Amino acid sequence: MSLINENSSGVFVISATPFHPDGEIDWESLDRVTDSYFEDGADGLAILGMMGEAPKMTQPEAVEIARRVITRAEGRPVVVGVSAPGLAAIRDLSRAVMDMGAAGAMVAPPSSLKTDPQIHAYYGQVIEALGDDTPVVLQDFPLATSVKISDDVMSRIIRDMPSIKMLKHEDWPGLAKIARIRADEAAGQRRLSILCGNAGLFLPEEVARGADGAMTGFGFPKMMVEVTRLAKAGDMDRAQDVFDAYLPLVRYESQPGLGLAVRKHVLARRGVIASPALRKPGAMLDAASAAEVDRLIDRQEKRLKELG
Amino acid sequence: MSLINENSSGVFVISATPFHPDGEIDWESLDRVTDSYFEDGADGLAILGMMGEAPKMTQPEAVEIARRVITRAEGRPVVVGVSAPGLAAIRDLSRAVMDMGAAGAMVAPPSSLKTDPQIHAYYGQVIEALGDDTPVVLQDFPLATSVKISDDVMSRIIRDMPSIKMLKHEDWPGLAKIARIRADEAAGQRRLSILCGNAGLFLPEEVARGADGAMTGFGFPKMMVEVTRLAKAGDMDRAQDVFDAYLPLVRYESQPGLGLAVRKHVLARRGVIASPALRKPGAMLDAASAAEVDRLIDRQEKRLKELG
Amino acid sequence: MSLINENSSGVFVISATPFHPDGEIDWESLDRVTDSYFEDGADGLAILGMMGEAPKMTQPEAVEIARRVITRAEGRPVVVGVSAPGLAAIRDLSRAVMDMGAAGAMVAPPSSLKTDPQIHAYYGQVIEALGDDTPVVLQDFPLATSVKISDDVMSRIIRDMPSIKMLKHEDWPGLAKIARIRADEAAGQRRLSILCGNAGLFLPEEVARGADGAMTGFGFPKMMVEVTRLAKAGDMDRAQDVFDAYLPLVRYESQPGLGLAVRKHVLARRGVIASPALRKPGAMLDAASAAEVDRLIDRQEKRLKELG
Amino acid sequence: MSLINENSSGVFVISATPFHPDGEIDWESLDRVTDSYFEDGADGLAILGMMGEAPKMTQPEAVEIARRVITRAEGRPVVVGVSAPGLAAIRDLSRAVMDMGAAGAMVAPPSSLKTDPQIHAYYGQVIEALGDDTPVVLQDFPLATSVKISDDVMSRIIRDMPSIKMLKHEDWPGLAKIARIRADEAAGQRRLSILCGNAGLFLPEEVARGADGAMTGFGFPKMMVEVTRLAKAGDMDRAQDVFDAYLPLVRYESQPGLGLAVRKHVLARRGVIASPALRKPGAMLDAASAAEVDRLIDRQEKRLKELG
């Protein structure tokens, strides 16, 4: 078992949940996709996030998926999304998965929060419910939650709640927020791990601004691994070259509501999962979109070959 | 076991969940409040609605509350709110409570629905998930869900989904919507039971426009029972006299986010529940508000005595 | 010319703009309604507010309405709503109406503001644009603007921007916010005039909590005048008696989107304006609603007679 | 004077408004940027759109900008955004600019619209206010307006309102919407010009799906001109090659709220406008972001040279 901490870094892939065409969970593909992420160089995984198909699971299914992935990860860190409408549900799910060996619990703010004091108070209640020995990932995703966390309140949360070890950064635009946190740290604020989401669309800049890596779900996790590694090593030109080769597809996969179908199409095409099926009410990529994605992948492979 | 149908009428009280001051469910008070609602003349109950404390329960607690209330109701109808982010959870909770003897499953539209076709399609999926032998209550509550259901789409839902037997009406303003549905029925559309929410703030007018009664949660359910009975009997003046006597408190209890604390204060003052405690993050009424409520109740009692 | 200040109190009626049935402004009725408000005891008026028909005017019409009302008011205070998408428009309209003799400029926060620092910064920019010799009314109306102003940020705005002399209070629930501001003043914060909106639905409690009166638009302004006077004099029982007599209609008029048609129906019935017409896309009250309103007024008159 | 029609195509650049550092309009730069767009191959311009700095202008400034740009365009089409809170203001501004020689009036739906019938009715009122001889551009931009226009209601609007000649398409994801409109046309629906926004992020796919071009505001309009031309000519590989060279910057400029500062930085760097200043409350790009943009432009130039 390995817990995240304020120095966690690299790429935590947001894992897709594979289904059979009839909507049942495809456990074998789940194992395969878990293995595949690590083979591609992932440092960890994140499951049951709010934007994927987690809300389509029953609670027993969600718990079983967590158990399967954590077991399969064999000690490598798996962050589990535990956002729920109530604190009791957050506490129960968090305890269950931490007992299984999860690396941390990820919590996004509910859209009912309207003011800075409310946001601060909410995370106070979450920490109280989870106990301060559970490492927490704060998911900052205004486009989905409609909760905008100001620099001020972020600072106060970091100061007051030491068990929040990681920021899943998906504010948009959000580069200045990363820079501000790192500047505050230079001025004495405790360190926070920052992994970036937003489909990886700003990964080179994010790492250059001080992010520790990515936590998102692109169909070719190798891109995120390599870009993060190169950018951290200071080889920004090569990082951007690699990034640019994948960017047309990153862009296509970043379409909200459509991205998961794109990702599953890619994973199925790559042979990682058996079927690109989404559980209802989700739908697979239509033929026109699938052709567009295939065309982008073909171009991407050509470009990568040119890059060497 | 008794199922709701398109002719269900009267008052279905939205039941409060009593807690001990430490946040644990107070099962004895739950029995007492259940009994009390029926003693006050309720025709049925509604539990686990979206605006109360249902989201603060864990799923096992929610199921246990449903079992306790349905058992205690001894065959009188209990509608159970089953709204959830995913269809699988809706289906599972609905099956569980229908097996216990619930009278119907209540579903509000998720706030992600943006267009008329999306709203129509969503209820289609819900019905498919529940099976068409489960009577469904459509909860139409734009202030909370931000989903506005137009007359057109309501009509199409009624036409296409016969297992939707009841509308929980909380559109605001919403009197015209009731009139429109009744007019459509006069023109041949199948009948729908309409019970009104919105804290009862428009109950006399709602019944006069054709509603079958109320489904909401005022601290003195007797008011709703009497107003509904009188208005249905055509005695609008007496209905309004009774309503007006309670109106200052109805108004006070209708404050969003505060209403439940008011209601519990009233129920505790009436001796129905042991403690006015809310589960965190909710808070009991502060002293100033409690004094205002007490003053309104004193005036209400005096006014009711004058009315005879 | 009379400017509002931190001690302004009483009732500022939100004035309706009368139209002819063809949509043209009815200037004679505008004079009559202006006179009528003062005859009913109003201490001032507020015009071009965000919830009425101001957005339906062209800018020249808006300016002409302001000129007409301010002139007709003969030195009694007229607050003018100047909310606009841009600071330049706010500044220009504000200067124009202050030059005509307006008593102050009312500004609501734009819905784009998401965080406490953004809200604070916005009012800083507004004050900079208006100059600090223009008395400003801060309109706090989350139901319409979706901007929630926390007690903290309100405190900082009061401290940092001395030209904000008045709060138009329409937070809901909002009684605690009034009490908090008065408590802060007792602890040394500068005074702020607080006039309450929300259709007057909580006027007795608001004044008892420390509000200075009302700024809203009920069809019988006399109610607000009398309730404010009685509650300030400490005669809460009589204040509430008067309030309760009007409450069924206050409640009916408080329906969002419908209230203005109700108010115009009442004003036309009272002979104050010639036509209850709204400018398109607004619509007059339909027959069923008009009958409900008439019935409530008849009952109200009877009840007032009983009260003596 | 040239009006848009259902066959308008190519690139209509959303024009930036240049300011001096003190916030005053820089009229000479405005002329220069107007010329520059046409030199880069634009087929037309669009001004006073809702996402730029139009709301920061006073109404006289807005009218003067329209006059200056339309005059400078010397007969080439200039679409003018006329969205406003009220129909009277929309009508007045529209008449004013059409009299000056504007090519059409662009109207986005106000965020108060919640249902399909409301959206349809709103455009009906707009057309009635504008008169059916004014060519209208329907701006479909849910991310900014929060109004989602379903395929159904789009179809009914096209059918019922022949003076709507163009769709400014910024739904996201939105490729299927383009395909659907073209399929409906193949089945007999009247033709509509479709120009795409969204910062050009999906331009190759949009044109391939049937869009007629772009209406958006990237700092190098040449990209849009060339990609549109190549994609229409069926040379998708070359179109995508050109697009990919600019994509890293397109992506950076597509950040909401930051994009305009990026664009002005680029235009100033290119010597087209004198200052990258935004009118308050906007702010110029900070140094870190400016360096990122400069780096992307350097790489872009290198890549374009490689492409030949």
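Labels for the chains are A, B, C and D, by order of writing; each one numbers its residues from 1.
One rule holds for everything that comes next: contacts are C-beta pairs under 8 Å (C-beta built on N, C-alpha and C of every residue); 3 or more make two chains touch, one makes a residue touch a chain.
These numbers were taken from a predicted model, which means no experiment stands behind them.
Annotation: B-C is the more contact-rich of the chain pairs B-C and A-C, by number of C-beta pairs in contact. Compared with subunit C, the chain whose C-alpha mean position is the greatest distance off is A. A separation of 47 Å divides the Cα centre of subunit A from that of subunit C.
Taking the mean of the C-alpha atoms as each chain's centre, subunit B and subunit C sit 33 Å apart. Contact of a single residue of subunit D with at least two other chains is seen at no position.
Under the stated contact rule, the graph of chain-to-chain touches is complete, every pair of chains being in contact. Those residues of subunit A whose C-beta lies close enough to touch subunit B in the complex are 55-59, 61, 84-89, 92, 111, 121-122, 125, 279-281. Listing the residues of subunit D that touch subunit A in their complex gives 172-173, 175-176, 179, 201-202, 205, 208-209, 236-237, 240, 243-244, 247-248, 251-252, 255-258, 286, 288-289, 292, 295, 299. Of all residues in subunit C, only 114-118, 142, 148-153 touch subunit A in the complex they form.
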